[in-house]
Structures are given as C-alpha cells and as structure tokens.
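Working notes, structure below.
In order of appearance the chains are A, B, C, D and E, and numbering begins at 1 in each one.
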Amino acid sequence: MSVPDPLLVEELSTSPFAAGWPHRIVSEVVPISRQVLYPAGSIIFEQNAVNRDLFLICSGLVGLDMRVPARGNVRILTLAGGELLAWSALLGDGQMTATATALEPVRAIAIDGSRLSDLCQHRPDIGFHVMTRLAESLSHRLTATRLQLLDLYSHTTPHVLTFGAREH
Amino acid sequence: MNSSPVTAPARPPVPENPWLSHTVRIEQIVPEIAEVATYELAFVDSTIAATYQFQPGQFNMLYLPGVGEVAISISADPRSRERWAHTIRVAGSVTQSLARLQPGATLGLRGPYGNPWPVAACEGRDVILVAGGIGLAPLRPVIYELLANRNRYRKVTVLVGARTPEGLLYPGQYADWKAAGIDLQTTVDRASPGWLGNVGVVPQLLDRMALPAPQETVLLVCGPEVMMHFTVKSAQRRGVPVENIWLSSERNMQCAVRLCGHCQLGPTFVCKDGPVYRFDQIAPFLKVEGL
Amino acid sequence: MSTRPTLAVFKFASCDGCQLSLLDAEDELLAVAGAVDIAFFPEASSRMLPGPYDIALVEGSITTSHDAERIQEVRKQSRFLMTIGACATAGGIQALRNWGDTAEFLQAVYARPEYISTLATSTAIADHVTVDFELRGCPINHHQLVEVLSSLIAGRRPRTPTHSVCLDCKRRGTVCVTVAQGIPCLGPVTQAGCGAICPAYDRGCYGCYGPVKQCNSESLGDHFIATGSTPGELVPLFRNFNGYAPEFRAESDRLARRAEGV
Amino acid sequence: MTEARTIRVEAISRVEGEGALHIRLQDGQLAEVQLNIYEPPRLFEALLRGRALEEVPDITARICGICPVAYQMTAVHALEAALGVSISPEIRRLRRLLYCGEWIESHALHIHLLHAPDFLGYDSGLDMAADFPQEVNRGLQLKKHGNRLLEVLGGRAIHPINIAVGGFYRAPRREELAALIPDFEWGLQAAIETARWVATFTFPDFTPPYEMVALVHPDEYPFNAGDLKSTDGRTVKMEDYEREFEEVHVAHSTALQSVRTAGRTSYFVGPLARINLARAQLSPTALRLADELGLEQPCCNPYKSIIARALEVVHVYEEALDILRDYQSFRPSRIGYQYRAGAGSWATEAPRGLIFHRYSVDEHGKVVTAKIVPPTSQNQLQIENDLSTMLPSILHEPDDQVALKCEKLIRSYDPCISCSTHFLKIHREEIPCRPPGV
Amino acid sequence: MSTSAATELFLAKPHLQQLLNALSARGYCIIGPTIDQSAIVYAEIRTVDELPQGWTDQQEPATYRLVRREDNAWFGYAVGPHSWKRYLFPPFATVAVADRTAAGWQMSTPHEPVPKYAFLGVRACELAAIKIQDKVFLEGAYVDPIYRARREQAFVIAVNCTSAGANCFCTSMNTGPRCTTGFDLALTELPDAFLVEVGSDSGGEVLAELQTRVADVEEQAAAERARQQAVSQITKRLDTTDIRNLLLTNLEHPRWAEVATRCLSCTNCTMVCPTCFCASVNEVSDLQGDHVERQRQWDSCFNLDFSYMNGGHIRNDIRSRYRQWMTHKLASWIDQFGSSGCVGCGRCITWCPVGIDLTEEVAAIRGETP
C-alpha cells in the first residue's frame, strides 16, 4: 500500500461525500481510493458491465445513458462535481444499470467497492457514515427523478379549431 | 457604462375605471419555442407610452375583446420606452386567439400590476435566478436590470430548466448574457439526441453550486409550483435565509386590482401582494393543498 | 364563402326542441346562417349536403340499434361533435325505461308491441362515440347555443357556466323556494344555464340542465328527508329529464334503495 | 312481367321530427303510399305511469319541442277533469293567452321558414331570406313575439315551466305582461301584412272532399274548450272522443293512425278545419281579412292552410292584445284540489290541429294510465289519402318532381312528427326487448 | 333630556310617509323592505303601506318563514334574503365596452345613469357590512367606480332592531344591534311612533321637513327598552377569540372534510352574505364581435371554475372551497382589510339549503363540539 496522497486526502475530506467525517474514518477510506481522470468523450463504464468502483465526481460532467429498445441510448441524468456515481458497486453486484460517459474532462475519486463494503461490514462506525451519505445521495436522486416523472413543464395543448379563424 | 437603476416610479394615477384597457398594437411577434411567442406591444396613444413604466416581475392584463383577459408578465427590458415584450404560451382561450393575430392587430392592455422582484435587495449580493420553463419570462426583466448595472451585484447565476432542450426559452440570448458576466446553466428533464448539456431537474443545479456566502445570496425563483418548492428546499438546505428567497406565484387572475377575489392565496391577493412574494410570507400557505 | 365552417344538425330520439332553439334565436338566426354553411339541417332546409361537416349538433338519445349505428357514421363525418340537450347528453326522459321493463312499456303503449323495434335502453351519445362538447338543457338555451357557435366560429373553445342554479337565482334576486317555502328544489345540484326560471315562478328546479360538477346530491337528498320528504317521493325528483346522468342516477338509486328499506 | 317503380323520400325536410315517404307503383299504377315515420318510440304513455300527476304537464311537454303548450294545456285540462277541479276565469284567460303565444311562434315558424319556401322555390327560409329579407325578418319578429309571450307567461318558450294542474305556479305581474303590448300592436299589423302576402301565392288546384274536425265553442275561436264539430254536421262531446275516433293499425300502413270509428275513414284537422268550422268566431280583423282575401267558405284546398294559418296569427294577436290590455294579476294562481281516483279526458287545438289526452289517476295522485293522440296522428291517414288522390295525375313526371310535390303536400299539414308518440317504423321481426341484466 | 349626544326626535308613525315623500322629491329611488316571494325583500317602495306591517320572519338554519306578528310593527323582522349590496354592488354591471374601429379596438367606460338610492330599514349589521364593502371597494389602491358612484349618492335610513332572529349573532361580531354610525337617519320603532336620530347633515336637512318634535324622556326610555329587547333575544354566539390564528393554523383540520359531506357548494352563503364581493367578468358580444361589453357579475369561491388555472382547478373539492370561504370571511379578511368579513347577520345560516351553521363550524374547529 502506497503512502496516502495528501491531495487525495484533501479532496476526499472536503467532498460532500466525506465532509464532516472524523479524520480516522477518512484515513481508513483513503487507502482504498484513487484519483482517476477521464477525457471528454470517454466511457467510464458500460450498462450491464461489472464495475467495482464507487466514483465520487470532483469535477466535470458525466452523462448516464440507458439503452432503450427502439430508442437507442437515452440520457436520463447528468452528474457533476460532488455527486456519487456507480453506487451499484457498493450496494449491488457491480453490474451497472447505465452507461456513464465523461461529457467533459472528468476528475473523480474511485473507491474500491468491494473493499469499502468489507470495511463497512467490519467497522460499523465507518459503515454508518458511508451508508448515511449514500442514502442521502440516493434520496436526492430519487426526489429529482420523481420531479422528472412529474413532467412539470408539460401542458396539454388546448383543443384548437382552425377553421374560420378571424383576425381581431 | 451604467445606466441609472430602475427606481420605483411614482405610482401612476389611479384610473377612474380600473377595468379600462389602453389600445396597444402588435409591432412584432417573435416565435420563441413551440407554442410560445414574444409579442412586442406599443401603445397607440403616445401620451400613455410616454408615462408607462413597469418594474421587473410585474404583469399586465392583455385583453382581446370578445374573448377575454389574461394576466401576462412583462418580459421586456424595464428601460423599454416604445415596445413592451410579453412572452406568451398558448394555454387558454385568450392565448389561443392571440396566437392567431398578426403584427398590426390591436388589443387592450392595462397595468402594470403586482409586486416586483426585489431588485434593490440584490445589490451587493450574490444573485441566483432559477427559472423553470416559461418562468424565465418574468425573470428576464431582472436579467436586463442586472446586466445594465452589472457591477452593483456580485456573482450572478441564472439556472434554467426545461422539459426538453427545445423548451429552453430565449436560447439566442444566453451567449450575450454569459458574455456580460452571468453564469448561466441549463438543464432539461428529457434529453434530445445531440444534447450535451445537463439532464435532470433544476434544483440539482442549485445543489451543485458553490455557495460561498449563502447569507449574502438572494434567490429569485419562477416556475411550476412544485419546482419552486424543491428549489427553495435546496436553497434552505444550503443556508440561504428565507428572507432572501423570492418567488413568483400564479392564480386565476380576473381584475388584477384586488376587487374580484379570485386570486387569493392564503390571506394574500396574488395581484396585489404577489405575484412576487418573499418566501417566508407565503410559506405556510404553499404547503396546503387546494388553498 | 368556402372558409365558413359547415354545420350539420342530427336528430335521434328527442322532441326537436333543442334544434328548434337554433331557429328560436330569432335575432341571431340570419347572422348564424351567414357565419356558417348550413349543410345538413332537415328541419330547416331541404338542401342536404353530404359530409364531412365541421360542426355537428346532435340532438336526441340512442334508443334503436339503427341509431346506434347511425351515430357512428355521424361521428366519422364530423370534426367537432357537440351534443345539444338532455336526451343527447344524458339519455333524456325516455331513459326512464332504463329502470323499467321496456317490453312491458311497449305493451302498455302499443296494441302490437311485437312490431316495434327499439332497444331496452335510452343512452347518451357519449356512451357511443367521443363527444367534443356537451351543451346541457331540456331544452338548451338558445343564447348559450349562439354563444357556443360564435366561439366555434371564432375558433375558440366554448365555455358555458358550470355553477349551480342557486347562483343565478341569487343574481336575479329570486328568494330560495326551499328555505322560504319548503319546496324541494334541485337548484343546488343542478348546472346553471336556464336562467334559474323555476324558482322565479315559485316552484322548485327539476334539474333540466343536469348535475353540476362535483354536486353533492346525497347531502341534498338527506336534507329533504330530514325535513319531511320520504325517500320514495324524492326518487322521481332526481329521476326525470336528466335522471340517467351518473350523479342523479346514483342519488335516485340510493333513495330508491332507502325507500325499499335496503 | 311487371315493372315496379319505387319513389322514396328518405327524409322529409322542413317538418318537425323525422319521417320518410315510400311510394310503390306496380305497372304504372299506384300500389302503395306510406308515410313512414321513423321517429324512435319514446314510450311516454308507459313512463307516465306511477308519476305524480303534477309532473304530467312537464313530462308531456317533452313529447314535442314545437308545441309543448298543446300537450301541457291538454294534460292539465284532462287531469282537472279527473280531479273535478274548476278553474277560475282568470286562469282560463291566461291559458288562452298562453296558447296565443304558442300559435304565434309555431305558425310564424311554419309560414315563413318551412312552408313559404315551397311556394317561392327555395330550399329553406334561410335561403329565401336573401331575396325576401323583409318577409323573413317579419316572420322572425312575429315568432319572437310568440316566444317572448311564452317566456313571460311560461318561464321559457320551449317546455314552459309555469303550467300547473289547477292553473299557474305564479301569475305574472301586470307590468310583465303590459310590457309586451307595444310589440303586439306592431305584430298585429305585421301579421296582417303576412296574411296578405301569403294570399298572393299560387296554389295548386287540389280540393279533395274532406271531413274536417275541430273544437268549436259558441263564444270563442277554438283553443281549449268546446265540443268537437265535424263538417259533416255532427257534434261530439269531448268525453265521447274515444267512441267516435280511434287509433288503428291499418294493414298497408306503417303507423298508428287515428280514424273515425264509424267507417274507419280519415279526417282533417288543423287551421283550415278550424276556419271552416269556426270562421264566425274569428276576431273582427281576422274575419274582415278572410273576406278581403277571398278565402272560400268552406275551403278544401290543403295548400291554402298557409292562409288559414296566417289568419289565425292575426286572430291570436288580436285576442292576445285584448287579454294583455285587461290583465290584472290575481290570486290564487292555482286552484287547490284533493287527490281522488278517477279519469278525465280533454281535447284542445294545437297549432297543427286537434290533440286529445286521457288520464286515469289513483287516490294518491299517481298516474295509472295515459293516452295521448297528437294532431299528426289524426291527420296521417288523410295525408296518405291525399297523396293517393294526387299521385295518379303526376306520375308521368320524373321521380324527383313527384317526390317534391308529395313533400309539398305533406308540409301543408305542418306535420309534427316528433310528437308522434306512437308513430313508428314497424318491421316484422320480433326483437327481444329485454337486454341481459335489466 | 337624554345625556346622549344625539337628540332623538319623535315622528308619529303615519308621518314616515312624509319622509318617503321628501326623499322622492329629492329624486331618490327608495328601496325598502316589502313582502314578495314569501319573504321580506328589499325592493323599490313608494308608500309605507308597502312595508311588511305586522309581519315577521322566523328563521332557523335552512328555514325562513314569514309569519304574522301579534302587533302591527312595521320593521318587526330580522334580516331577509336580500342585502343592500344588491344595490351598491349590483349582480350585473357593465364595466367597460370595446368597439372595433378602423384604427383598431377602442375601449371605453359605459356611461349609464347612476341610480340615486335611499335605503330604508338598514340594520346595524348591515351598516357594518356596508362599511366593510367600503373598505373593499373604496379604500384600496384601486376604487370600484360602480360601487363608488352608487355609494356616494346613497341616503341611508337605519332602523334599530327591536327583536332578533334565531340566527342573529351581531353581538358576537360587535356590529349591533344598535346603529351607531354610518347612517343619515336612524329610527327606533315604538308602537305608534319612530324616534329618529340624525347621523349626517343631509339627514338633518331631510328631517327638518318632517313633522317632528323632541322625544320626551319616557319615549326615549321606551326606545331604549325596545332596542334592549333585541339584545336580549340574541342567543347565537360566535367566539372570535384569536379566530384568525385559530383558522389559519387549522387548515388541515378534519372538520373541513366533515363539513364537505354536507356542503352543496351551491354558493348560497356567499350570495346572501352582505360583504362577499367576489365577481367575474364576462365578454358579451354581438355575433359579429364588433361591439363587446365586459359584464361583471357576482361570482363565488364555491364555484369550481373560480380557481381555474392552466387547465386545472386549484380548489378542486368542496372541502377546499368551504375552507376558503370560511377562512377568508373570518380570518384572512382581517389580514386584508383589518376587520372580520362577518357581521353576524346570520344569512349564510338561514339560506344554506342544508343549514350549515358557521358558528357551529368554528366551534368544532375550536374543539368545542363533537
């Protein structure tokens, strides 16, 4: 295990994910984390592929696309700095539900999902902090998705009759 | 170069008959997005044109004789002296009929009415404008005002959400606004092919923003009620005080002069106490379904 | 002028009163006739042009299998199909058969009932085809008809008042016959449009314009019972010209069950 | 080999309600004439059973939107007969006034919008308005007067709401009726002009022998009182109506028809019958005008019904003005009554002719049986007979001309098919009437 | 002589006709109580014979009956189905007209003659109601010209209540039954006379033309007893303690749903209410659409379409509409106009076809009744 990158420690501890955590917990997570960079246009992971990393986006925009039969790739969400990506790496079996593409140069912290999971399992204090932040993030995501579902800007076009229209 | 700020004009003399409209002519119709167009209106009577002033956030009653009247926010530059822009979406009888008119046609206009956006309260502060859909129209006069006196305000951010990229209002002006020192971000609920920008709802843009001085940040929100609700929640979570949050509300508007009773929202009349409210003034009533 | 919308008037089981309302708009009739192209209106004109039509006014309810087919054809030929009156909108007075035994009804009226072709029910046009707009009334009000036609000619969606008869009574200064005289009146649950005539003539409203939106017929029925009416007496009050409109139907059925002690 | 020719008018226009005409010829000879009424049955007589007798005027009005008052008047009189109610002279006068309103609106409609176009060669009164604006507008004004009178007195023109067993729910205030007087004074003059105008039309030479029947009263023009008189000299009391007239199935016909019981012959009702039988009771102006216009006495040309109708309009304007000028509001507007089991029948004169109702009621005020014979039912066999008489002389003409001439003849009767409570298309198949679950 | 500042004058009963004559001579159209449609309504009257002499009204929730009094009092009733707002804020009025000209639409104000009304028989609660409507129509940033024109010309003759109806609760609202302000003349009825109080200069001028004299002490005492009788007959109460906050903090109270099972949303309460001022404007045009009148008519928050917006209804059930009406009347009115919108006349209780009693509803929200 290499010496912790001080920049990584700084980045992680000021991120919304780990902000406010006790140092001892951050320092447990740092060793299983690494900085990653994705050039614009590159694919971070593919739908249905297995990905073992949980990403904490530091900067840049990531598009999440889902394949829909007959419609191709549909972008369902974009994520940006401060947001979590690929939570299935921690909660699921690592199979990704969407394809993530870097729409801009993306800088992120990748946390090894299986080791984080182990850590959470053995260290309930770490588990509590990680899962709380994950739950918050998911809760926001769920609210946002609900708002999207509400289709707030749609409106039914009134029945317009076009014959005999007269100028006023 | 700065021009003078928009000061509250001396209240125009109360008309003898508050229902009486002035005749305005459609000078130009600018198609914006699907079913939305901006109508540039000019008073036929030049003496009225000379005295007519409005403040950002106020609305006019546009009247099509035989069809009816509708409240439309003024989306013009508050310094307009000849033409007053109204961005209108086809939604009901009046707007349907308006959509069939051509430049040169006349209609009635009375106003301006209602409480304006608190432009003075924005001075020296970070300003965030959040607009959803057609909600950008009532905020556009504020943008004109902020741009005209850009140095009076600190960071100015405009967050615009729409259903689709095609639903983003005034796209042709974004580059100018950005060039003039506004951080403008857009997001859509549903991406179209080729859209490379944000996908997601507009409160998420606010979530991502760095708010270095939330206490010194003013938030002006206009859009569907639910969108405003979540935007305000997000801002409150980030520490923006309720007294710095303003939003523009909507109700059935008939007289616009607090005489007909239609537009009540809790103990307020939207035509008189709104449409722009300080959030804490109506917060308890926005929560109640069917109020 | 070819840009004038074409108008057609179709009749099903009815009394003709609603289409007559158009001819009763004496002051506006010639103007209407100038603003639309009357393509099919047998009651008024021998000229009967084939469809399609821009505006179809449909009077009457569906009571025969032939009419059930004919309305499909009318729908196909019509861009904007508007029902006029209680028969077309709710089945009309002839929908009373829907609660009875139509075969027995026929026997009561005709010496040779076996010759008669009819359905057992009288149903609204909307039960058969999509209806774009319903103009209520038994009969419709010709001012409303002209207003709706004007709005269609002008290309806007027609709107007619959706408030209760009570509001119109109060506007015209009529004293409530239920409160002041104890006369059961359907005004509170009936849609306005007639001009609130009956109470102005010292009698209760009998619901010519059908149920007002979100009407609370049950509360009204219960109140009449609490103030001395029997459920049985109230059944026919709800079960008449618009008796088969869902809200009135539910209330008359509820009262009928109460009358029977169910 | 025989050659068959069939002429059909699928929808007779400018009549109220829906009917068709089928003419079948066999070897050039007229084989069958059918006035085919396809107005769907609405079963009023059945659905009246069990309803409160107070509802009868409201419900029977819905038989016909053109002449609802005729149904209401006949119903209330028949029910009053069943209950033993005598109405006051004030109520009687108001009822005459109400009938004036209906006659004006119905006659003005028929003359100007439905019938005159036949004489002047138009598809409709609306088309005719382009060339005869003054006449059509005058007609609309007259019609409007009739409707306004119905509105003041009845609450509304179609299906009035103020007609009660025993009288009126509310007697109008004096001012309400007095406000109509200026219009009616104008209307009387306009009605005279209309009569003079229609008398100038060219009438086909067609005068079959008719038995005409109308209600005749010694002191008043036929409305809602009197005895039934026939041009054959007989007089029938109202209560004997069902002995003298009956509704029958005729083998070759598609509809129920009312006939003289004796001999099962047709008879003629309506304006022409009334003028022929009660010319002396016409108002002074109408009577003078009848003489001025040279209307024969008796007149047996059905096409000249339009003149009779126009004279009746003059009459009712004059009568209405008399009533309006003398009117004072009164109480009670409605005579009280006790329920009792019984039966009553009555006949009145609808604009288009005699109408008859009979009801029996129980001691709780509920209808037990109802019988309604509308005017068109009484004229229908006569119309068919007329067609049979006329057709041989025009059969050489093309089908469309034959059809048009038949339609014109039918229209002169102002048939009101909607009120054919039991006119139907009969087909010889039994259709089960009870669907599952009912 | 009474210590009261106002001197009461004695007017023999038959001489009330002199007052009507004096007002007619001044060009007033006199509106007063009279019997029509089985009720005491406000309509144009010319003589005192048209007053409901010897009649009274018996009121209960959803019930109003005209009954004979034992005496022949001329003003011996409570309040009827009509209120004066019918005359000051007419149910129909044309607010503007538009005409299509070669130069486009021209909008103008219709100039209709303004009726000059004298109101006879205005009760204390009704004076309070007029005062409330004054605030609505005259004291905001915008003035209603129709109301103003009528109001400015109106001559008000108040009549003190000497009896009260079962639905009266003016004492709870501090609006009566004594007429204290807002009238030109105020009468108190005695068996054979009226004691008259002058409330304005024009009232004094008119009164000067009548045959009056100063009332003696006994007469004044009798008048006071008569007025006190009304106070003692009032049994209905509405507890107004902190009512604004009570209602505005109970917007989700289960009682709203309960009352919605009874409420017909028929608008009767709002129509008979002497202070309700909601209206809507309709376009009335000829078929060519070249001449358009904008017609204002009474509207009600109980109408579904009242809150129509963008294809939906904000108040889409009876619960929210009843809540809107009652919270507006009793609570948010205070925010808007500085006083309650209720004057305690009880009309909304009498004329509700199913007898909903707002005093009971308030009590229920207070938790005072089951």
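We adopt the following convention: a contact is a pair of C-beta atoms (placed from the backbone, for glycine too) under 8 Å apart; a residue touches a chain by one contact, two chains touch by 3 or more.
All values reported here derive from a predicted model rather than from experimental measurement.
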Chains contacting each of chain B and chain D, listed by label: C
Label of the chain whose CA centroid is most distant from the centroid of chain E: A
Innermost chain by mean C-alpha position: C
Identity of the chain that, by mean CA position, is farthest from chain C: A
Pair joined by the larger number of C-beta contacts - C-E, B-E: B-E
Distance from the mean Cα position of chain D to that of chain C, given in whole angstrom: 24
Centre-of-Cα separation between chain C and chain A, whole angstrom: 59
Distance from the mean Cα position of chain E to that of chain D, given in whole angstrom: 51
Chain A-chain B separation of Cα centroids, rounded to whole Å: 33
Residues of chain D touching at least two other chains: none
Chain A: positions in contact with at least two other chains: 155, 158, 160, 165-166, 168
Contacts with 2+ other chains: residues of chain B: 65-67, 91-93, 96-97, 100, 105-107
Residues of chain C that touch chain D when the two form their complex: 11-21, 23-24, 26-27, 29-30, 33, 38, 41-48, 60, 63-65, 67, 92-94, 96-98, 100-106, 108-122, 138-139, 194-195, 197-198, 200-203, 206, 208, 236, 240-241
Touching residues on chain C, where the partner in the complex is chain B: 151, 154-157, 159
Complex contacts: residues of chain B adjacent to chain C: 66-67, 93, 96-97, 100
Interfacial residue positions of chain B with respect to chain A in the complex: 35, 64-67, 89-93, 96-97, 100-102, 105-107, 132-134, 161-163, 167, 187, 189-191, 193, 195-201, 203-204, 207-208, 223-224, 226-227, 230
Chain E - residues contacting chain B, complex: 95-96, 98, 100, 103-109, 136-137, 140-145, 248, 251-252, 277-281, 283, 285, 289, 292, 294, 296, 299, 301, 306-311, 314-317, 319-320, 323-324, 328, 331-332, 334-336
